[in-house]
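Each of the two complexes below includes chain A, the first together with chain B, the second together with chain C.
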Partner chain A sequence: MTREKIIELVNSIFIEQFELSQEELTPDKKIFEDLGLDSLDIVDLITGLQRKFKIPLRQNEQIRQIRTLDDIYTLFEKLALENPDIAEKIIN
Partner chain B sequence: MEKKRVVVTGAGVVSALGNRRDELFDSLAAGKSAARYMPEWQSFFGKINIAAAPVTLDQEAVKKIDRRFRRSMGNAALFAALAAKQAVAESGLDEATLSNGRTGCVISSTMGSSSSIVESTAAIIEKRFDDLSACQFFRCVSHSSSFNVANLFGISGVQLAPCSACASALQSIGLAFEQIQSGKQDVIIAGGSDEATPTVAGSFQQLFALAENENLPAEKLSRPFDAARCGLVCGEGAGILILEEYEHALKRGAVILAELAGYATNCTGAQISQSDHVSIEQCIRLAVADAGINPADIDYVSAHATSTLAGDKEEAEAIRRVFGAAVPVSSLKGHLGHTLGASGAIELAAIFEMMKHDTIISTLNLKNQADDCKGIFLPDKPCSKPLRTVVKNCIAFGGVNAVLVLRGYQRS
Partner chain C sequence: MIQLKRISLTFFIYLSMLFWTVLYCSVAIWVYLVALFCPKRISGQIMRYVILYYGQTMIHIAIRPFIVAKYEDLAGGDTRAGIYIFNHRSASDPFLMSIFGISAIQLVNGWPMRLPFFGYFARSCEYIDATKIDYESAKAHITSLLKRGVSVMAFPEGTRSDGRVMNHFHSGIFKLAMDTGALIYPCAIVGNEYLPDRKFRFPQGGKIMVRRLKAIENDEIMQCPTAFVLKNKIKDIIQQETAKMDKLIDHENQI
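What follows is the complex of A and B.
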């Protein structure tokens, strides 16, 4: 899966669930400070990412370390490499 | 300690007949009914002709509530938030007053957001855990409307939600009244909110309390005190009042809509599915006495009367015993359906307009006063009368009664 596709999928969650605009979603944005999410939103972010990428994440330690949008993109690049069938499972 | 006077300085409403108090009054005065058949409930009931009186939400107003507040609101809390915004705006309360710890929030509903409870239960049973938002629980809980409105306005005083099914709104207002009377709070955002859902309507249907008559159009089904009444029509919405200590309101130059003069609540202690005329009569007498007046001083009684066979009969008998046929009585359930935990507050919002216009809205669809509801005065059309003192009844499952006495504002 390409980085562009990962960015598209991750950003779609921020747009649909958190009502943010595409323009706000630059890689350097901090999820709490810049995008205004809080701890409850992070639960929904994890659920949204699970649904979108068909990967269980609730027990994933790395997801707890994300700080910026770029951290999410990079994590999913890594997860896509570890799970080569991920693209086939995704239903947009 | 002398009790403090409590006045109303704002009142908002979300209803099936208008999302503003004046719109609601105009619809009531025009004799409109909000009831319609609900084909969208067919999968639940197996037929299309179950009636309800649903709210049409103002989506532009919804969007104006920030997502961080909206995410934890089921429809009940959303209705309450929209009504509260109207009430707070009308009151002119500033942010400093709302957040100073002397302002509280007391709002309740039958069971939180009933639609959210159904969604959650279905998702859990079907193991669709990813469909459960982190905020789902906060939409379901019984005090959802109260804490959501408190958060929306930065309230840091008391937060309470005395849920008692269809008496919820009036008990909230009564409790808030007592909080201010005692000096514990200066201002309280108080009222009720509720949702019309197929699960709630189905619960009434199971008890033979839901109006069903295939020969009648939906708007004729809810007919309180009528000989042909056959049950209630579920409605929904919210009514939110700003209650304020009298001197506090005077000091800031607030416009006063009415004064709360007396309140009482009691229960039968004997019946879970209905109240009885003995306890309702007692509750009315206690509330009137709490206001320091006599039944003869009352200009109008706004009945609970939901159009059920047993409920209307018991309430009519209680009203007859207290007031005879001397005082005009009406129920707004013919227009609005039964808005459940919101009914007391929505109907109070309508009463403020009746007081303003010196007009009593009569009971819609009341054509032949039932024999078992005789002996009380039920006007058959809207009529003019100065309304200085008004009684509002609410009666609920659990055998619970609540009665509030309102007085037109008089400067001391």
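What follows is the complex of A and C.
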């Protein structure tokens, strides 16, 4: 899966679940300070990411380290490499 | 000279508050003693009224010579219990909750529950410590309060902004509103950003305005996909109202 596709999918969660605009979603944006999410919103974000990418994330330690949108894109690039069937699952 | 005026004003406001607190407590102690012998829920209700009238004594009598607080209800006198959401500019905000004249509790950020005198009363009347309670317990507690006609008041910014900007809202109370089926009253407070200031001084007297806006019904709340969307919706409503009220209060102060 390409980085562009990952960015598109991650951003779609922010647009659908958090009603943020595409313009706000630049990679350098800090999730807490700039976008205004808090720990409870992160639960909704993780749920959305799990649903979109069909990967269990609750036990994932790296998801706790994310600070910016770029961190999420990079994490999912890594997860996509580790789980080559992600793209197929999403399409199906 | 200006400095002396400020110090005097701060001194007289606190002196007046102390005087009225002592006077109020000398009466309220008898009510408190009666409450001690009542079942917990009844004593909680009595204590909420003790706090309510204390706040009203402070606002309408103690600080009145120096600061005037004006309340406007744009919710058409709606008497239903709900969750009141406020912007938070100043330490005087918790006192201003009494201006609504209703039985309510506050969702607080830990430290008010630990205050020596006030903390005891906050605990007695079922205030919620957001730093200690888990989500499910908070949900059960708020559901029970709303069923009994007790409203819940919250400052989702968590800490004072000390100016006319609004900080990000925390989502907790909005998720609770979605899960408990509560309605939300957005409320706006202006004029008190320096009453008192960050160091609890009163640099000037003035006018404070408080407005309760039309309730956001639960079906409208449930149209929001997440608590994040709901909190930003309510924040926008309050922000628009405070902007209007700031202009109004600036205009009145110029006159």
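Going forward, the second predicted complex is superposed on the first by the 90 of 92 C-alpha atoms of A that agree within 3 Å, B and C clash if a C-alpha of one lies under 4 Å from a C-alpha of the other, contacts with A are read in each partner's own complex, and residues count from 1 in each chain.
One rule holds for everything that comes next: contacts are C-beta pairs under 8 Å (C-beta built on N, C-alpha and C of every residue); 3 or more make two chains touch, one makes a residue touch a chain.
None of the values given here were measured: they were computed from a predicted structure.
In the superposed model, A:40 lies in contact with both chain B and chain C. In the superposition on chain A, contact of A:19 is made with both chain B and chain C.
Look at A:50: by the touch rule set out above, it reaches chain B but stays clear of chain C. Judged by the document's definition of touching, chain A residues 18-19, 36, 38, 40-41, 44 lie at the interface with chain B and also at the interface with chain C. Within the complex formed with chain C, the residues of chain A that make contact are 16-19, 36-38, 40-41, 44. Remark: chain C residues 168-172, 175, 225-229, 232 touch chain A in the complex. Considering their complex, residues 67-68, 71, 130, 132-135 of chain B touch chain A.
Within the complex formed with chain B, the residues of chain A that make contact are 18-19, 36, 38, 40-41, 43-44, 47, 50-51.
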